[in-house]
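Some structures to go through are shown next.
After this come two complexes, each holding chain A, first together with chain B and then together with chain C.
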Partner chain A sequence: MNSPLCELLHIRYPVLQGGMAWISDGKLAAAVSEGGGLGIISAMNAGADYLKEQIRLARSLTDRPFGVNVMLMSPHAEEVAQAVIDEKVPVVTTGAGSPAKFLPAWKAAGITVLPVVASVASAVMAERAGADAVIAEGQESGGHIGELTTMALVPQVCDAVKVPVLAAGGIADGRGMAAAFMLGACGIQMGTRFLVATECGVHQNYKDMVLRATDVSTTTTGRRFGGNTCRCLKNPFSRHFLQVEYQPETTAEDVADLGVGALRLAAVEGDTKNGSFLAGQISGLVRKEQPAAEILREVCEQCDALLTGSRGKD
Partner chain B sequence: MNSPLCELLHIRYPVLQGGMAWISDGKLAAAVSEGGGLGIISAMNAGADYLKEQIRLARSLTDRPFGVNVMLMSPHAEEVAQAVIDEKVPVVTTGAGSPAKFLPAWKAAGITVLPVVASVASAVMAERAGADAVIAEGQESGGHIGELTTMALVPQVCDAVKVPVLAAGGIADGRGMAAAFMLGACGIQMGTRFLVATECGVHQNYKDMVLRATDVSTTTTGRRFGGNTCRCLKNPFSRHFLQVEYQPETTAEDVADLGVGALRLAAVEGDTKNGSFLAGQISGLVRKEQPAAEILREVCEQCDALLTGSRGKD
Partner chain C sequence: MVLEKVQEMLAEKLGVPAEEITAESEFSALGLDSLDFAEMLMNVETEFGVSIEADPSIKTVGSLVEKIEELQKKGS
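Here is the complex of A and B:
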C-alpha cells in the first residue's frame, strides 16, 4: 500500500485503529502496530498515570510506533497533553474539540498530530493550527459523532485543506478502504472492526453484540440538546436513554447524567442491559473475531485487489 | 464505463437522475437521457394525467430511454402504476414503501424495476418480489431518508442480494462515483447535482441555495415521530418546523400538516422563507449550473480517471 501516510507515520499499512474509551488500551494498540497499522491508546477520561501505564504496556509488546488519542474535553486533558510529550509518543490523535491550545507544544516535541474532524470548518481550523493531517470522521462511526456522513464529508474536506486526509466511519473491509481512497483519503481509521480483534480486552458480551449486529442495530442518543450525539448498539440502555431524552421535562443536565458510567458497564462488565455499547453502522459487516494483524492484512489485501482490478481491460 | 447497468438499461453512463418531486419533470429527464444517463420523471403526488403529459414532453425531446419514479405512498399510486404500463415506460424506480404489489404487472409488461431501499431487509424484500436491481440510498441524500449512510449501506446490501446494486446519497462527482463502485455498486443515482442542471426547471432561488450551500447547510426534519425523516437545506421553514416538532404538545398529525405545500413553494415559487428545499449533504460540492450532458461527462470522466489511476505503478 503506497500512501504518503505510511511515510509520515512509519507504518506499513495506512490504517489507524480508532481511540475507543475503555477499549483501546496498550495491548490492543501494540497488536495493531505489530500488525503493520498504527495502534492508538485511548487516554479517555483518565489521568496521566493510567496513560503512562498503558504506554509502558504497549512498549513491552512492540517496538513499532503507536499513538495516543487525547480526548480534549477530559478533565485531565492538560496532564495527558504533557504526558504524551514526556513519554515521547510519536503520534497524537485528538477528539471532542479543537487541539489548537496544545499543538505548539506537541509540534515542538516532534509529535505528529492528527485531529479527528467532523466538518470542513474544523478541518480548516486544525490545519491552520498546525495539524499534520486530519481524520475526517462520518456520523456512521460509533461513539460521539457529527452530522456529516463519510461519503459527503471526505471529499469536501479534501477540497478544503492541503494536509493529508484520513477517512473514518463506515469502514470495516477493503471495499470501504478502497472507497475512502477514491474519495481522496490517503488512509483510514477503523474502530468497530478492531473492537473484535482477538487482542482487544473488551468484555466478550460487547464483542458478541457487534458480531451479531445487523445493518439496523445502531441508534443515536443525545441528539436533542445538540453537540453530544452518540452512536451505540440498540439495547435496553439506549431505549431508556431515548425515552427519557424526549420527555418534555428532561433537561440537558438530566441527559448528561444518564450516560455516566455506562461505557465502563459495557466494556468492562459486559452489562448488556445497562451498558452503552458504542459501535458503528458497519457493525453488520463485522462477523469474526480475528487477530489484529489478520484484520489488517485482510482489509488491505482486499483494498489492493479492488484498486488493481479496477483498471479495466488493458 | 463498462457496467452491467448500461446493458440492463440501454444507457451509455451508469448514472440515474433521482426522482425529485416538483423538480424531475419530462424536460430534465430527457436532458439526462440525451446526455447518456437515465433521466427519471417524478410522478410525485400527482395523477396519471400529469405523468402522461410529462412522458409526452420527454418523448418529444429524446428518443433514448427514460424512467418514472413512482411514489408508493401517493394517493394516485394505483393509476400511476397503470399509466407506466400503458405508456410503455421501460424503467420504473420506486420510493416510500414496498413495490411488491405492483411488481407482477410491471414485470409482465417488460418494465425494468429498481426500488430505492434504505436497509438490507428492504433490499432483500425487493429482490424477492422480483426487482431487477436495487438503489441503495444513504441518509446523506436529500428528501425522505432512512438511517443508514451510503458507506455503511451499500456493501451490506451488496452482500445480501444477487441483483445489481446502485448507490445513491452523497454522490456529486467522479470521486463519489468511483467510491460507490469500490463499495460494490455497478451504478449511481444523483439528485442534488442534477437539480442545478441548466435544463432543470426548478426556481432559480432553489438552484442558488444549493450552489451557495456548504457542508453543514442541511438538516433533517420529521425525525421525532419516526418514518418521515426528510433532509433539506436550513432556512426559516426548517427552523420553524424543528421548533414546532419538538414542542411537547406537538402530535404526529401536526408535524404532517407542517410540510403541506412546502415543496411546491420551494420548487415553483422559489420562496426561500416558507419553502422546503430538499437537498443532500453533498450540496457543498455542487458549485456550477451546467447542462445535464456536461455533468454526466464530467462525473464519469473523473470516475474513470480515478479507477484507471488507481492501478498503481505497473
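Here is the complex of A and C:
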C-alpha cells in the first residue's frame, strides 16, 4: 500500500499495533512486524530491564523494524527513555502526556517519534516539539482515552498539523481503515484486533471476553475526576469501580487506588471477576483469533478494495 | 425452565455465578444499564422465540420470566 508512513517507518502496511500494557510484548510486536506492519512493545510501568529483555526477544524473532511505546506517566519513564536510545529502537510512540522533554534526545539518536494525541492542541504541541507524525486516538479506544471520537478528532488534527497523521480508536477492519484515509489519515493503529492475535500471549480468558463482546460491552471508568478515563469491558470489576466512583464521599485518591493491579489480574491471571479488561468499542467486530500477518493482510486488502472502488467483503 | 435459562444468560453476560441471580433480582441492581438491558431483551427474544415490547414494568428477573411465559402461552 502506498502511504508516506510506509516510507517513514520502512514497513509494508501502514498499520501500527497499539502499545498495550501487560499485553504488547516482544513476541506480539515481532509477529506484527514480520507480517508487514509495525509492532510495538509496551514499556508500561516497568523498568528498563524488562524493556531490554522484550527488545531482545523481538530481535530474536524478526529482522524488521519495531517500536516501543513509552508511557510518560510511568515512574520509570526516564530510564525507559534512555533505554530506547541505548537499544537503538527505530520508532517510539508515546502515551499519557507530552513527550517534549525527551524529544531532543530521541531525535538526536535518529529515532522516529509518534506521540499519541487526543486533541488538536496536543497534536500541534507534539509537532512543534519535533514529532515525525502523530497518532490521533479517539475515545473508542480501549485503555486511557480522551473525550473526542475518532470521526471528529482525525480531520481536525489533519487540518492543524503538517506531519502525517495516523488514526486510532474504533478501527478493526478494512472499512475502518478506509474511513481513516478518507478523514485524512495516512495510516492506522489497532489495539483490540491484535489483542486476539495468535501470537499475543495475553490470558485466554481475556481473548475470549473480547471475542464474545458486543457493541455495548465496554464502559468507561475514571471519568468523574477527569484525566484518567479508561475504557474496559463490563465485568464485576468495572461495575464495582463505577459504583464506588459515583458515591458522593468518594475522592480522587480512592478512585486511583481502585485500579491498582487490576490490569495484571486481567492480562496475566485471566481473573474475569477482579481484573480490568481494557478493550475498544470495536471489540464487537472482533470475532476470531488469527495470526497477526493474516489480520494485516485481511484488513489492508479490504481497505484497498474499498478505496479502489470495488466493495470489500463484509 | 425459563427462569433457569434467563439466570444462565445473565450470569454469562455479567460474569457472575448464576446463584447470585434470583427471581427477585432487579436488573439495575445487577449492574445492567439500559444498553445492556436492550441487548438482553434481543437475546431473550431469539432464545425463546417471542417478541417483547420494552415495558417499564419489567424491573426484576422474575417479571421478565413471567412475561416470557405469558407470551409463550399465547404463541402456542
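Criterion: the second predicted complex is superposed on the first by the 309 of 314 C-alpha atoms of A that agree within 3 Å, B and C clash if a C-alpha of one lies under 4 Å from a C-alpha of the other, contacts with A are read in each partner's own complex, and residues count from 1 in each chain.
The working rule: contacts are C-beta pairs under 8 Å (C-beta built on N, C-alpha and C of every residue); 3 or more make two chains touch, one makes a residue touch a chain.
All figures in this text were calculated on a predicted structure; none of them were measured in a lab.
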item	value
Partner chain(s) touched by A:273 [first = chain B, second = chain C, both, neither]	second
Contacts of A:151 with chain B and chain C, given as first, second, both or neither	first
First, second, both or neither for A:13, with chain B first and chain C second	neither
First (chain B), second (chain C), both or neither touched by A:22	neither
Partner chain(s) touched by A:239 [first = chain B, second = chain C, both, neither]	second
Partner chain(s) touched by A:216 [first = chain B, second = chain C, both, neither]	both
First, second, both or neither for A:194, with chain B first and chain C second	neither
Residue contacts with chain A in the superposition, chain B compared against chain C	B
Chain B versus chain C as contact partner of A:119, first or second or both or neither	first
Set of chain A residues, in rising order, touched by both chain B and chain C	214, 216
Chain C - residues contacting chain A, complex	14-16, 31, 33, 35-36, 38-39
Chain C contact footprint on chain A (complex, rising order)	214, 216, 219, 234-236, 239, 243, 272-273
Sites on chain B touched by chain A in the complex	2, 119-121, 138-140, 147-153, 155-156, 159, 169-171, 173, 175-176, 178-184, 214-216, 223-224, 246, 248, 280-282, 284-285, 306-308, 310-313
